[in-house]
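Across the two complexes that follow, chain A remains constant while its partner is chain B and subsequently chain C.
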Partner chain A sequence: MQQSLASRIAIALIGWAVALLLFFPIFWMVLTSFKTETDAITASLVFHPTLVSYAEVFQRANYLGFALNSVVIALGGTVLALLFSVPAAYSMAFHPTPRTRGTLLWMLSTKMLPPVGVLVPIYLLFKFTGLLDTRTGLIIIYALMNLPITVWMLFTFYKEVPNEILEAGRMDGASTWGELVHILLPLTLPGVASTGLLSLILCWNEAFWSLNLTSSQAAPLTAFIASFSAPEGLFFAKLSAASTMAVAPILVFGWFSQKQLVQGLTFGAVK
Partner chain B sequence: MSIRPASMRALLAATCLAGLATTAMTARAHADSTITIATVNNGDMVVMQKLSSEFEKLHPDIHLRWVTLEENVLRQRVTTDIATKAGQFDVMTIGNYEVPIWAKQGWLSPMDNLPASYDAGDLLKPVAQGVSYNGKLYALPFYAESAMTYYRTDLFKKAGVTMPAAPSYDELRPIADKLTDKNTQTYGMCLRGKPGWGENMAYVTTLVTAEGGQWFNEQWKPVIDSPAWTKAITYYVDILKADGPPGASSNGFNENLALFSSGHCAMWIDSTVAAGLLYDKKQSQVADEVGFAPIPTGSFKGGPTWLWSWNLAIPVSSKQQDAARTFVTWATSKEYIDLVAKTNGWVAVPPGTRQSTYDNPEYKKVAPFASFVLAAINSANPDGQTANPRPYTGAQFVAIPEFQGIGTQVGQTVAGILTGQTTVQQGLAAAQSATARTMRRAGYPKK
Partner chain C sequence: MQAGTANSTLIHGAGGTPPGGHAAPTSHKQTTGWLVMPSVGVLLVWMIVPLAMTLWFAFQRYNMIDPTIRGFAGLSNFQDMVTDPDFWASLKNTLLLLGSVLVITVCLGTLLAVLFNQSFPGRNIARVLAISPFFIMPTVAALVWKNLLLHPIYGVVGVLAQKFGFTPIDFFAQFPLASVIAVVSWEWLPFALLILLTAVQSLDTDQLEAARMDGAGPVAQFFFITLPHLSRAISVVIMIETIFLLGVFAEILVTTNGGPGNASTNLAYLIYSRALLQFDVGAASAGGVVAIVLANIVAFFLVRTVARRLET
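Then we have the complex of A and B:
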C-alpha cells in the first residue's frame, strides 16, 4: 500500500509537470499580451499590465469578421466531413469488401503528401471554379482534408459494435437508414462526438490552406494571427494579444467538451 | 410654330431616355471599385493602412481591402497568385528582388505615364534603378534601406574606445573583444546568424563583397570556394564565437534588434531600418545611447552592397488597373510622406525613397541617422558593386529566381559552420558543389 501511494504521488507529480510544460507557452503568450512592446522582449514577470496591445489589435483588424469566418468554416468543414464519413465508415465496418483495407490505407496515405505539393493545382481549380477567397471553398478543402482521419476514427469506433446488434435490428425490420440513425449512432455517440471535436480543432488550427486560398473576404483567425507576425520591428505584445484572441474561443470550447473528448478517445479501450 | 401634343410626348420621352442613358453611363464611369492590397506587416506598412482612410476620402469611389502578412508568407502567397494569374490582388507589396524577375516574366504592369506631380525624378536613383527593368519602372518604392553599424556610445566611452569615422572589419575586431563582458551578458558584436537568403545571407553577402568576393563569375560559375569567401566566413565565425551572443546561429534581424534594444549588444551591423526603431523610446531601452557609423569595409572599398526596398506593384492580372495605379501613386508620393509627418511625426516617415525627404530640415532634425542612410543608399549600386565583374544584378542578393533556394541552402551551411558542425573549408566546398549543381540543372550559363 505504501509503495502504491508513493507511486501514485510520483505519477501525479509527473502528470502535473507535463501539464505545466505543455501549458507554459500559452501562459507566456497570455502574459506577454498584457505587456508593452518594450516589456515584451524581457523575460521579467514584474510589469504594469496594459490593454494597449488589445486595443491596437482591435483597431487594426476586424476581429469579429475573422472569428465569424473561423466558426463558419470549421463547423461547415466538420459537418460536411461527418456527412461523408459516417456512411463511409458504416459501409467499411459492417459490409467490408476485399478492397476495404486497401482503400482505408490509401485514404490515410493522402495525409502523407505535403500540402504545398498540390498548392498550384488546387489554386488553379479554385480559380476556375471561382472558389478563391470564399468560405465554401475552404469548407470543401477542410472536409476533404479531414476525411481520412474522420473515416478512420469512425471505422475503429464502429468496429467495436457487435454485428449481431445490427442484425437484430434488421430482423425487427430496420432499414439501413434506421440502422444507422437509431442503433449505430446512439451506441457510438461519444465516438462520433470526439471525431467531430477533433475535426473542429483541426479545422480551427489549419493555417496553410486558409492563408493561401483566402485574401480578405473568407480569411479566418489563422490569417488574422499571420497579419500580426512581423519580420521587422518588435510586435511581440501585439502578436501575443492577437494569438490569445484567436485561441480563446477554441480553448473555452475545448474546456467544456474535454469530458466528451476523453470519453470518445478511450471509447472501447477497455472491454 | 405649333407642336402637337403627341410630338411633345415623344420629345419628352426621348429626353428622359437620353437623360437616363447619360446617368447610367456616368454611373458606369464612376462605378465604385474595390482594390485588394497585399502588404507586409511592418511599422511603415501599418501606418499606411491606418492613413488609407485619407485616400478613401480623396477618392470616395475607390474602396480598399487589406491583406497583411508576414514577409515569407506574403512572398509565397503573392507568387502563387501572380504565377497562376488568378488576380486576387490589385496591389502587391514586393521586394526589389522580385521586381526585375517578375517584370521579365511579363507579370507586372509598367509604371509609365506617371503624373508630373508625382515627380519620379525625386526618387533616389539606386532605388529607382532597383525596381526597373529595361529602363522602365515596374513598381514604385515605398521605403528603402541599406546597412550600417550601430554601436553603444555609453559602452564605448566606458571602455575608452572610439568608433572610427569609416571603420574597417579589422579595426572592429579588437574593439568587440574589449567590449565583450559575458558576466553582464554584454556582447561585443551581434550579427545575423539565422539561415535564409534574406536573413544571414544578406549580411554574409555584404561581408563577402567587402572582402572582394562574389557569388558567381562571368561564366555563371559559383566562386564560393574562393579565398575571399574563406577569409570572410572565418572572420564571421571567429568574431561571433568570441564576442557574439550565445546561439547566434538562430538570431535574425528581429532577435538582434531585441538584443540591442535591451542592452545586450555593443555593436550590430544591419539594415538602416533599425535606426528609427532603436531611436524610439517606446521600443528601445538604449534609445539615448545609440551611435551610428557606416558599414565596415574590408579589402574592397567599393562601399556597402546592401539595398533593399519594399515596393508597390500592380500585377497584369488585376482587373482594377486604374484604381490600383491611383492608390500606388498616392502611397508613394511626396504628399503621402507629408501626411505621415503631419500625423505621426517626421521620424515615422517611410525612409530611403525620395531626395526631398532628406532635404527636409524637419526630418534631419529628428533623424540624426538620415545622412548615413542617404549616403549608404546612394553609394549602393544594384547593378554591380563587386571587386570583379559579374553577370548578375542585386546588392545583397543575386537577382535570379534560383537564388532563394541557393541562398537558403548556403545559409544553412554557413549556420552549420557557425555552430561547429563543419569547418570553414569543408562547409564552403560543400556549398560550392551544391550551388554548381543547382546552377547546372537550371541551365546556366544561359545563352
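Then we have the complex of A and C:
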C-alpha cells in the first residue's frame, strides 16, 4: 500500500510514543532499582547507578526463600497440570468420541468459576487438611486452575498432527504409551513447551490464591512484593529492585511466547 | 445447532485429509477414553465440592473464631447482604471497574492493533514493549503505580506537577477507584492489543485494497472492513477480561485496601474482608454466590462463542 511519507512518519512516531508510554512504568522501575533510596525519591534521570538496593533486598528480606517458593510452585503446578492434560488432550484429539466436544466445553466452563466465589470453602478445606501456607497446597490449586487451559492448548497442537503418522506407528506395533511418548511427544514438543510456558507465566503472576492461602512458609514473590505496601517508610529503590527481580524472568518468557499466548488465552477462538 | 453437527464430524488432522482416510479406524480402534478421566475427575471435584460448600455456608451461621455462632441461617445472610450498604457499593464498584476497564482496553486496544499492524521502523520492538505490562505481576504493577508514578510528592507525576506549578494530587486517596482502574487498564490493554493484533493480521489485505480502489478512505475502511472483521475477537476479549476483572483483588489490597471507606471495595475485596478479616463465613459465602452468578452469565456467552469455532 502506498502511503505518503508524512503519514508514514506520523505512524512511526505515534507507534513508538505509545510503546514507550506503555513501557514507561517498567523502565522507570528498572531505573529506580539502580538508585540509592535518596536518589529514588528525586525522580531524576541523573544519578550514580548502584547495586546497593539489590544487595539490601538480599540481606534484609529472605528474598531467595520467596523466589524459591515461586519457582517450585510455578514448576510444580505446571508439571502437574501437564501430567493430567497430555493424556487427556491426546485422547480427545486422536480418538474423539461423541462426548469429546461436550467435555472440552465443560472443561472451559470450569475456568469460569470465579476464585473469589470459592475462597471460603477452599480456605476452610486447606485449614482442616493442613494445606494452608504450604507449597503443595498452591501447587494443587494452580494445576487445577490451569488444567482447562493446558488441555485446550495441547488439544489444538495435537489436532495439527496428521493421524497417518500415528497410524504408521501403530502398524509397527506401538502401544498407546509408545505412540504418545515416542511419536507424538517429540513431534509436538514445541507445542508442549509453549503450553508449559504459558502455565508458568500464569502461575508466577497469580496473586489471589497466593495472597490468601500463604503467610510465611510458602509465600511466593507476589506476596513478598505485597509486603512492601506497608505504610511505614518509603523504600522506592528496594521496592524497585525486588520488583525487577520478580518480573524479569517472566517478562522474557512472555516476549518469546506471544503467539502461543493468544491461542492459549482465547481457547483457540482467535488465531 | 452446535452440539449435533460437530459431534458427527470425527475427521481430524491437518489440511484436507480425505475423510475416508481415518474417519473410521476400524482395525485399530483404541479406547483411550480413560486417559481423559483423571482430568475430568479432578476438575469435577474442583468444581463441585467448593461450589456445594459455598452454597451450604451461604445458608449457615458460621464464624471462624466464635464457635457459639452456628446453625441454619435460612436467608438471613442474604437479607443482611442486601441491607448492607457495603454490598451495594461493592457491586457498583465491581461493575464500574469492569465497565471502565473494558471500554478503555477494547477501544484503545482496537486502535493500537490497527496502528501496530502498519509497518514502521522498529515495529517489532515497539510491539514487544507495548505488550510487556501484561507480564507484570499484579502486586508489582499496583505498587509501582502507587509509589513510583503516582506518589503525590516523590512519584514521577507528582514531581512533574510540582515542577510546572500544579498542586500534586494524591490519586489513590482522592480518586481511589479511578486509580485502580488506571492500573488494571494498564495491565489489560496489552492483552486486548495482543489478541486484536493477531485478529487484524488475519484480515485479507485484498479486501482493503479493493475498498481503497473503490474510494474508501482509511476511516471508512476501518469501520466497514476492519471493525466487522474484529467483532469476534473483540467479543472474546470482552468475555475473557470480564472473567478476570470480576476478581480483581491484589491491585486493591496493596494500594487502597478497599478504602477510603468502601470507595474502592469491589465484590472480591468485600468477600475477602468478610471471610478473612471478620471471619464471617456465612456472609462471605452469600457474597460468593453473587460472584458465581455474575460470572456464570458471562461464561454462558463465552462458551457459546467458543463452541461455534470448535471442531472435534
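As a working rule, the second predicted complex is superposed on the first by the 191 of 271 C-alpha atoms of A that agree within 3 Å, B and C clash if a C-alpha of one lies under 4 Å from a C-alpha of the other, contacts with A are read in each partner's own complex, and residues count from 1 in each chain.
Throughout what follows, contacts are C-beta pairs under 8 Å (C-beta built on N, C-alpha and C of every residue); 3 or more make two chains touch, one makes a residue touch a chain.
Because the structure is a prediction, the values reported are computed rather than measured.
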- May I ask you to decide whether A:215 touches chain B, chain C, both, or neither, giving the answer as first, second, both or neither? first
- Message: A:228 in the overlay: touching chain B, chain C, both, or neither? Say first, second, both or neither.
- Response: both
- Message: Looking at A:122, would you say it contacts chain B, chain C, both, or neither? Reply first, second, both or neither.
- Response: second
- Chain touching more of chain A, residue-wise (chain B, chain C): C
- First, second, both or neither for A:173, with chain B first and chain C second: neither
- Check the residue A:22 against both partner chains and state whether it touches chain B (first), chain C (second), both, or neither. second
- Query: Where does A:186 make contact in the superposed view: on chain B (first), on chain C (second), on both, or on neither?
  - Reply: neither
- Query: Do chain B and chain C touch any of the same residues on chain A, and if so, which?
  - Reply: 41-42, 119-120, 123-124, 211-212, 223, 226, 228-229, 234
- Message: Could you list, by residue number, the parts of chain A that touch chain B in their complex?
- Response: 36-38, 41-42, 60-61, 119-120, 123-124, 127, 132-133, 211-212, 215-216, 219, 223, 226-235
- Message: Can you tell me which positions in chain B touch chain A when the two form their complex?
- Response: 36, 38, 40-43, 46, 49-50, 65-73, 76-77, 80-81, 83-84, 86, 88-89, 252-254, 257-258, 261-262, 271, 273, 277, 282-285
- Per the touch rule, the chain A residues reaching chain C in their complex are 1, 8, 11-12, 14-16, 18-20, 22-23, 25-26, 28-29, 32, 40-43, 84-85, 87-88, 90-98, 100-105, 107-125, 144, 147-148, 151, 159-164, 167, 170, 176, 201, 204-205, 207-208, 211-212, 221-223, 225-226, 228-229, 234, 236, 239-240, 243, 246-247, 250-251, 253-255, 258-259, 261-262, 265-271
- What part of chain C is in contact with chain A in the complex they form? 3, 6-7, 10, 12-14, 17, 21-22, 25, 28, 30-36, 38-40, 42-43, 46-47, 49-51, 53-54, 57, 64, 112, 115-116, 118, 120-123, 125-141, 143-149, 151, 153-156, 158-160, 186, 189-191, 194-195, 198-199, 202, 205, 208-209, 212, 232-233, 236, 240, 243, 246-247, 249-250, 253-255, 267-268, 271-272, 275-276, 281, 284-285, 288-289, 291-292, 294-296, 298-299, 302-303, 305-307, 309-312
